[in-house]
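In what follows, subunit A forms one complex with subunit B and a second complex with subunit C.
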Partner chain A sequence: MGSNYKLTYGVDLVFCIDVTMSMDHILDTVKKNALRFYQDFQVIMKNKHKNVSELRIRIIAFRDYYYDREQAMLVTDFFHLPDQAADFKACLTSIEASGGGDDEEDGLEALAYAMKSKWNTTAQKRRHVIVVWSDDGTHDLGFGKSAPNYPANMAADFNELTRWWGSRTSPGVMDESAKRLIIFAPNKKSWNKITDNWNNVIQYESEAGDGLADCDYEQILSAIGNSI
Partner chain B sequence: MKNEKQSQAFHDIFDGQFVVSAEIAGGKGEDSFCCSRAGNAALIGVFDGCGGLGARQYDHYEKHTGAYIASRLASGAVYDWFRSGIQKGRHGDLTEELRERTAGALLLGEQKGGSALKLRGAMVRDFPTTAAIALAEYGNREITVQAVWAGDSRVYILNENGLSPLSKDDTHSRDAFEDLRDDPVQTNVLSSDGRYTLHTNHMRLQGPTAVVAATDGYFGYWRTPMHFEYFLLDTLRRSGSLSEWKEKLHSEIQDVTGDDATMAVMLFSFGTFENLKQFYADRCRELEQVYIQPLTDAYTEEKARTLWQDYRSGYERYLK
Partner chain C sequence: METKDRNKKRWLYTAALMLLLSVASSFLPVLSYRTQDGQVYRYNLIQLIQGGDFTRQVLYGYTDTVYWEINEAWVTAFAVISVLSLLCAVIGLFTLRQQRPNIMQFWLTMVGLAGTSLPALLVLFAVLVFQKGFPGTLSIGLYPVIAPVAAIISVAAVYRRKNKYQEELRRELQARGKIWQAGESDLY
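Moving on, here comes the complex of A and B:
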């Protein structure tokens, strides 16, 4: 009795990709990694006998509000995989690097958008994973506030964004048990501050995951797939 | 002469101990255990290397993960601690002694393995593992069981009133029922940085009792906590010998679990296997009639939650 019961996992992945001009030389690699990421994640969950009943992916391609205005934040709804795998691939491959202005980008705004995704709340067990690829640091929140399309309900500053992320004692907008943040970015503002201070975070220090060794990649996938 | 008497008395009460362990991936299991008996004391311990936090692989350890190595280092350290206490006796603070032993072993493991610093963040720890240890000692004509733990592996007492944990998970858990749905993050595990706490709880055994230490692979993949207790007693009911019970515990968990699963058991005051079966027969029937059958007939989360609330007060009776 009860022995034929298997828990199911609902997995949501949000890919935040820096698509400014400086990413041009590695954007194809990032796209390949993004495509590979969800497939390899499914394999690792299967190998651990974890039954993924629902898998969804959303893309947030980010630049700078100040310089790129309407092109600053390109977001999709969740793609349901495997049914919408072709649509997801088409969307991902259509992304091109452009704009960006100065070195730093609006990565924190992208992260804020990602946190407020409509996460799966119905699966028995859940993983809500945000993956960021960027080759540079971030502006302070609100740097691009003068842009007419800058979101009115954005976190005012890093402290508020930290509250949105939450902690074990003070949960934020995401499910504390399910949330994970994977950062492929250099050790620059504010990625380093996030890595040092937020829970459930892994950072691979590099330019958008460039030079990521297979063993490191497997470790990252295991870290997301397993309980912590 | 006094020692001989005490040993004889412990021997009369202590029926034996065993471990069952199942791996998800052969040869890569991240659980470990220790099990020993000496003089007037017996020890069981289970250790679940944290594959999420300790996913780093180490060349020095043939590409095994930090989690794989950590559980083995910790179980070895606890076993050595127990065996070394046989001659000189144990007089110090148990949790502090165990903390010192395990931290030393894990730090040595890290020094040999080297640290891999390409990955950073709160989800990355060197050599992380849970621990759930039960030490049974005879003194003043009674057996005292002391549970020591960190993380979400558990020590349970299984007696005439059913199954109840003696340990409390290091998670921000609401209760054992919700844990099965939430997959809560652990707030404290052993690791080579030494930044962890070992908790303790104890009780005096009264009457026939099984002491169980288990990793979450055994108890964490059921619909309700009642199903785990039923699994223990139903497999016992269907067994004709202790070895058959062990075989069922080992094989049948693999249809349920999504993780490596390890469980160690110590039995006290049953005398024979038939007595053991007989002792739990009524409890097994009660579980089946009150909780399991109604949920098998028509399962709903609401009904499961209601039945859990009924079961809960008994289940949590030893939690401080």
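Moving on, here comes the complex of A and C:
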């Protein structure tokens, strides 16, 4: 009986996508990769003889509170794949590259929203993965505070966000053993600070204003696969 | 209701009209050549492709360095590209009419529409660069002006339609609660 026992995995993914104008030429690639992710991920898991019983994906499309106001941060709930694939596709399709103002974006605010997602807590084995796609650095937290829709309960600064992420000795808002953060962004503020100081983080460095070829997608896919 | 439908399809009418204008303009003079004794020759796109009179009256008079000899193979290649572009544009426009077009259909249309102006751009380039090598005066006709302008307008119309479609889709998804502006409740 014991040999027939199979662990079930619940995998939650939050895609934080920079959707400012500078991402225009690569946003379609990001969307395409996000759409094919479910099939590719299932193949990887099958090869590893692992049974993912539940895969959910959430999208956080971020820009810049200071410049883009109401359009700064668009979010979805988790989509259960493959059942809600049509809604997932429609949401991805509806996102267009626009705005952004200056070079840096509100990627840290997007991370904060991602951390506070309603993660799966029922599966025997869980993996909670945040994937960030951006072609530039981030503003300091609170840069866009003057926007009327900037949330009052946002992490006040980088230190607070670091506490939200947590560490082995002092867990944050996420499940310490389940959490992973994969960053696909240039080695710029604050992505490099996160990579150097937070646990369970992998950064794939991209050139500012460039990147996201198929090989990068394969890397992200295998990084998620290897973490399970 | 009918007016609303017509407004929704304005992008299609604009792009299709510009495409027709571009094709029609290829029957207008593409370039004209005034010889030193004041005689004027005008050629449309078909006459240029056919060569003949154009080669005798204009090309034989060229005295400057030949950087690029446009032989029959080149002419055929340009003609094939133009016809393919036209086909892509027409197929693209027809498929984009459906409610939820995909990105491939969008790019097919964009490439097709932009490609239809390729011969006009080549003529413009040739006249500007090689003009001084002719004893007479070479000047552009209506086609090299109309076709690129028509292509720009039609590409803009299709691009606008894409953004509008995304906006409409987002509004529909927001109304269904599938996507929303993040706020305090998302940070519980």
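For this structure, a couple of remarks:
Please note the rule applied: the second predicted complex is superposed on the first by the 207 of 228 C-alpha atoms of A that agree within 3 Å, B and C clash if a C-alpha of one lies under 4 Å from a C-alpha of the other, contacts with A are read in each partner's own complex, and residues count from 1 in each chain.
Everything that follows uses one rule, which is that a contact is a pair of C-beta atoms (placed from the backbone, for glycine too) under 8 Å apart; a residue touches a chain by one contact, two chains touch by 3 or more.
In this text, all values refer to a predicted model and were calculated from it rather than measured experimentally.
Once the two complexes are overlaid on the shared chain, A:Asp87 sits against subunit C while remaining clear of subunit B.
More residues of subunit A are touched by B (comparison of subunit B with subunit C). By the touch criterion defined above, A:Ser222 reaches subunit B but does not reach subunit C. Looking at the shared chain after the overlay, A:Ile95 reaches subunit C, while subunit B stays out of its contact range. In the superposition on chain A, A:Trp198 makes contact with subunit B only, not with subunit C. When both complexes are aligned on chain A by C-alpha atoms, no subunit A residue touches subunit B in the first and subunit C in the second.
Every residue of subunit A that touches subunit C in the complex is listed here, in rising order: 28, 32, 59-60, 70-77, 87, 90-91, 93-96, 112-113, 116, 149, 151-154. Residues 24-25, 50-53, 55-57, 63, 65, 118-124, 172, 180-187, 216, 221-223, 227, 230-231, 234, 252, 255-259, 288, 292-293, 295-296 of subunit B touch subunit A in their complex. The touching residues of subunit A, when paired with subunit B in their complex, are 1-7, 47-51, 124-126, 168-169, 176-178, 180, 183, 195, 198-205, 213, 215-216, 218-220, 222-228. Interface residues of subunit C, counted against subunit A in their complex, comprise 100, 103, 163, 166-167, 169-170, 173, 178-184, 186-188.
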